[in-house]
Amino acid sequence: MAILLSGEWYDLRDLANPIRELIDGLGLPDAADYVLWSLIAALAIVTWLVVSVIAFIWIERRLVALMQNRIGPNRVGPAGLLQPIADAIKLLLKEAITTRDADRLLFWLAPIIVFIPTIVVFAVVPFGESMVLADLNVGVLFVIAVAGIMTPAIFIAGWSSNNKYALLAAMRTIAMLISYEIVQVLALLSAVLFIGSMNLGAFVSWQDEYNTWLIFIMPLPVVAYIIAGAVEINRSPMDLSEAESELAAGYHTEYGGIKFGFFYQAEYMAGFAVAATVTTLFLGGWTLWGLEEWIPGWIIFLGKLYAVFFLYIWSRATLPRLRIDQLMAFAWKFMLPLMLVNVLVIGAEVVVWEETGASRNIALPAIGALNATLAVILVVGWARVLGHGSGRQRGYRATLTQEIGKIYYTGAEAS
Amino acid sequence: MTTYVTGIQIADSIDGKFPDAVEDGQPEFAVVKSDRLVEVLTWLRDDPDHEYKFLSSLTGVDRIQWFEVAYHLESFKHNRATTIKVRSDDRENPSVPSAVPVWLGAQLQEREAYDLLGIRFEGNPDLRRIFLWEGFAGFPLRKDYLNLPGGKMPGLERFPGEPGAELSGRGTE
Amino acid sequence: MTLKSEPFVVNVGPQHPSTHGVFRLRLTLDGEKIIDADMVMGYLHRSMEKLAEERTYTQNIPFTDRTDYLAAMTGNLAYVMAVEKLMNIEVPERAQFLRTIMAELQRIASHSMAIGIFANDCGAWQTPVMHMFRDREKILDLFEMACGARLTLNYMRIGGVSRDIPDEWMPQAHKLLKDLPNRFAEYEDLLLSNEIIIARSRGIGVLTPEQAIAYSVSGPMLRGSGVAWDIRKADPYAAYDKLDFDIAVGTNGDAYDRFVIRLAELRQSLRILEQALDMMPTGPVHERLGTSTVQPGTQPIAPLVFRPPVGEAYARIESPRGELGYYIVSDGGPSPFRFHIRSPSFINLTPLKQMAIGSTIADAIVILGSVDIVVGEVDR
Amino acid sequence: MEDTGAVVAFWILAAITVGAALGVAAVRNLIHSVVLLIVSFAGVAGLYITLSADFIAVVQILIYIGAIAILIIFAIVLTPRAGRLNQEGFMFLPALVLAALVAGTMIFVAFDTSWAISEREGFEDTATAIGDLLLGKYALPFEIASVLLLSAIIGAILLVRPEGAEEGPE
């Protein structure tokens, strides 16, 4: 009760403190205290996730509609705000069909398995100062490992449906996810090397302390991680596992009703998870150059998270899809070598900085400038080496003619 | 402007190369004998004076007494178009040689003509029904496919509102 | 050591987002590579050719709307031209221009859809289609003003067009023409050099000119293979001989070329429209037919029943999808003895198997998109 | 092992791990057995957590569930004759005998060894400790393992390379 009277209960900067003091005030034994605290935090995260997903179903549909010259959902509730709820009710009330030849057990299990890692990832994400459920030392690794559980889950979904589209999509997903996981790990590795810790909180405090964001120091891994993240959450141009125009709905072709709803929601949550990782590792997490003193940290964090997620919405409404072999070639031939070089460069920079002991005001801008230049040189140069930008990639207009019956074929593309 | 080569002209030039291959020459089309068809079409395609390299359209017609297949040909080089026909007198199992060896574009069109009219194209590598399913009874575009009551054939009677409509099968029971 | 694998049959369609209707593609796959392709069609077969044998020549016009429902005007035009050819009817000049204008507006609408859907088949998530719909909507408004319908138009009549355009039509058309160049520039900017579209469509589904001619493909597919052949130029109908425009041809014969040609043809259509609107003469829009009319006292726009002389006629036009031909055999009766539609969508599918084999399942969708079929016209 | 929570966690995790492992052998459906294998791996990861070896636990999930299980799934799907059934073969009895022998040896060793209980209170940061050890004391074995893996990768590439692929990348 003391906390309510102290006048600090309204301090929204840190939601964790008032709750903790509230629990402490109950005078429970340590173990019960710990369990209660964890439960409340977990519940808070899940609630936030569900509300966010519901909100973003509406936001994404309206945003995409804006980009597509449409109005978007506008019938259910004011400005269509109740549309996601109507959708959810529809999904809940629909018959949960299991196809005859499906593997019943796995068919039911897959949506549940796919749901778990997307929530669990948020256990290590710091939403604000001391607002982290599990302050894990190996947080970065945890994020990658848990996200990796989605791979078998999606395969199980595709395989157990006993549908050819779903199986093809499942195979694609596996091939794609394990390729991009390597890129993802290497992208994060360079960040870990630079910070010297795998704790997500340490990333935030490092960026706070040095008054910069990691994205300014190492732009290349950020881009690589965002691209690999698009693969992980099936967002265009990497939405191969549910390639609508080729494979109907990909691995969840046979899923309907609430089981489909699980996949749908898991996909959003995975998107938030990727965005949360990008925010925490590269965009300074819940800090904003001192502004976190005035604005609650979690609002800053969520703002950044949604901004990153917006990138995915934007790309989805803008870009066509790549083919599987192009996507794999991009991972193995393009991103992987670049990331390896990048790890080497970052490692060298860390050693040089340590050896010379330069002051941070000189070292950080120097490293940032070097990395940015290097990123441009590497991307452009390696693309040239692989034969891009040679004219085959350039578009052209049709030849115009008045002569009928003449043949203009040159066959430059025939292979 | 495309020159429409009349059937009489094309019949003359075919006659010059293949005597006794032409059956008939009308203003609109020339009729080629069925057993010389592939020969004549190949020549029309390859001869530099004709070069009908493009098969515009291939279709069958049920003429009640006989079946015929019309080939609408086009020459890009000379900008000419003409019509060749071939007839099959067999009412039950009409068959004509396939034009696929001459123009690959005949594949689907011959399947269509087979499907709807029942004309067999000897030599078509993949002569299956295309719009209707295998086992569909009859060939719907034949004039005797479904006779109207009173022995009237569809498409041959008069219409209501037309002078003499009372004579037709339509409108009278 | 070689890896052995078992072939795997996938049915793309009949219900599938990318088969443009109820069309089925049976693909035999080795991994993701296509080793055999078979087309199964007929799900939309309405037996129009049979139905037409039981209706009068005028009653058949609505059928021609419903074959290629994305280009109803050109369907109308080809049919009425065939009947006019059969009956030797001269069409008044104003009607010729109206037909040209409508056909070109229809071409813009249809190509817009084709381009948008092609981008969709490449994996874009509806955005190009939605942007393309913007222009199509305006054009459909113009059609609605002219004939009261938006999709199945039934505007052309044997001997002319069903009615003259209203007074408000011209200003609105001019306004649209003023907007269109900006839109086309936008599409060219966004799509023509889009890396992903290029990566997905270049070198895919290549047809050499020899193959294209042998397979009887027409329209953008034939021109994509580099053959400069356009019936509007080669055999001008309506008012095309009075108008100046270019044929767009490709140089590689791949899916990208077909897409590029459709984009270029948008601009050529615009050119034709600008000239045609300026040159439009005044006068009647329908030739009075000398044959019996049914209801005395009413405006004799098109007689319900007439009997062309015995004979046959094949008229073809350049529809947005290629050579659309109507072959009509008359026995002197009130309805066609034989009514055949040479539909470009159907015949353009002939080389699909050859184009698809060796590519992947994702390419097959792009190739099908580049052919630009309308299943209503494939199955008829 | 004083903490009751840890003891309860240990027994639950052990039950899951062993049960799932038994299931892997017993279940008929191959994909089901892979799923059970994943569950078993997850149980082992849980056991590592009770030993406060967080790095190893996360790596267990990352490598065993994220990579090994996927590889097995790939192998099953890519093998045409594997089908969908895990049938009893003629090797059933020999395998049972072999498994019993291995289990017996392990049980004997487990009971025979005098397990020394570490005096240390656990590592503050296991990742750092492991990194130090790998690049310090155990640098040579680490490098040998890397070379072995590299040669395995090269060998695999050589094996699956299509014949006549000498000229050019296509």
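Here the chain labels run A, B, C and D in written order, and each chain numbers its own residues starting at 1.
FYI, contacts are C-beta pairs under 8 Å (C-beta built on N, C-alpha and C of every residue); 3 or more make two chains touch, one makes a residue touch a chain.
Keep in mind that this is a model prediction, so the values were computed, not measured.
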Message = Considering only chains that satisfy the touch condition with subunit C, which of them also satisfy it with subunit D?
response = A
Ask   = Across the interfaces A-B and A-C, which one involves more C-beta pairs in contact?
value = A-C
Key: Computed distance of Cα centres, subunit D from subunit B, in Å   = 71
Task = Would you mind pulling out the distance in Å between where the CA atoms of subunit A average out and where those of subunit B do?
result = 62
Note = Averaging C-alpha coordinates per chain, one finds the centres of subunit A and subunit C separated by a number of Å equal to 43
Key: subunit A-subunit D separation of Cα centroids, rounded to whole Å   = 28
Message = Quick check on subunit B: which residues sit in contact with 2+ other chains?
response = 76, 79
Query = Could you say which residues in subunit D touch two or more other chains, in rising order?
reply = none
Note = For subunit C, residue numbers touching 2 or more other chains are 227, 229, 234
Ask   = What does subunit C use to touch subunit A in their complex?
value = 8-11, 16-18, 32, 119-127, 130-131, 133-134, 188, 192-200, 202-203, 206, 208-209, 223, 225-230, 233-234, 246-254, 257, 260-261, 263-264, 268, 360-363, 365
Remark   = In the complex, the residues of subunit B that touch subunit C are 1-2, 28-29, 53-57, 59, 61-62, 70, 72, 76, 79, 81, 83, 103-109, 112, 116, 130-133, 140-141, 145, 154-156, 158-159, 161-163
Request  = Going by the contact rule at the top, pick out the subunit D residues touching subunit A in the complex.
outcome  = 5, 29, 31-32, 34-35, 38, 54-55, 58-59, 61-62, 65-67, 69-70, 73-74, 77, 125-127
Ask   = Considering the complex alone, what residue numbers of subunit A touch subunit B?
value = 404-405
In the complex, subunit B residues that touch subunit A = 76-77, 79
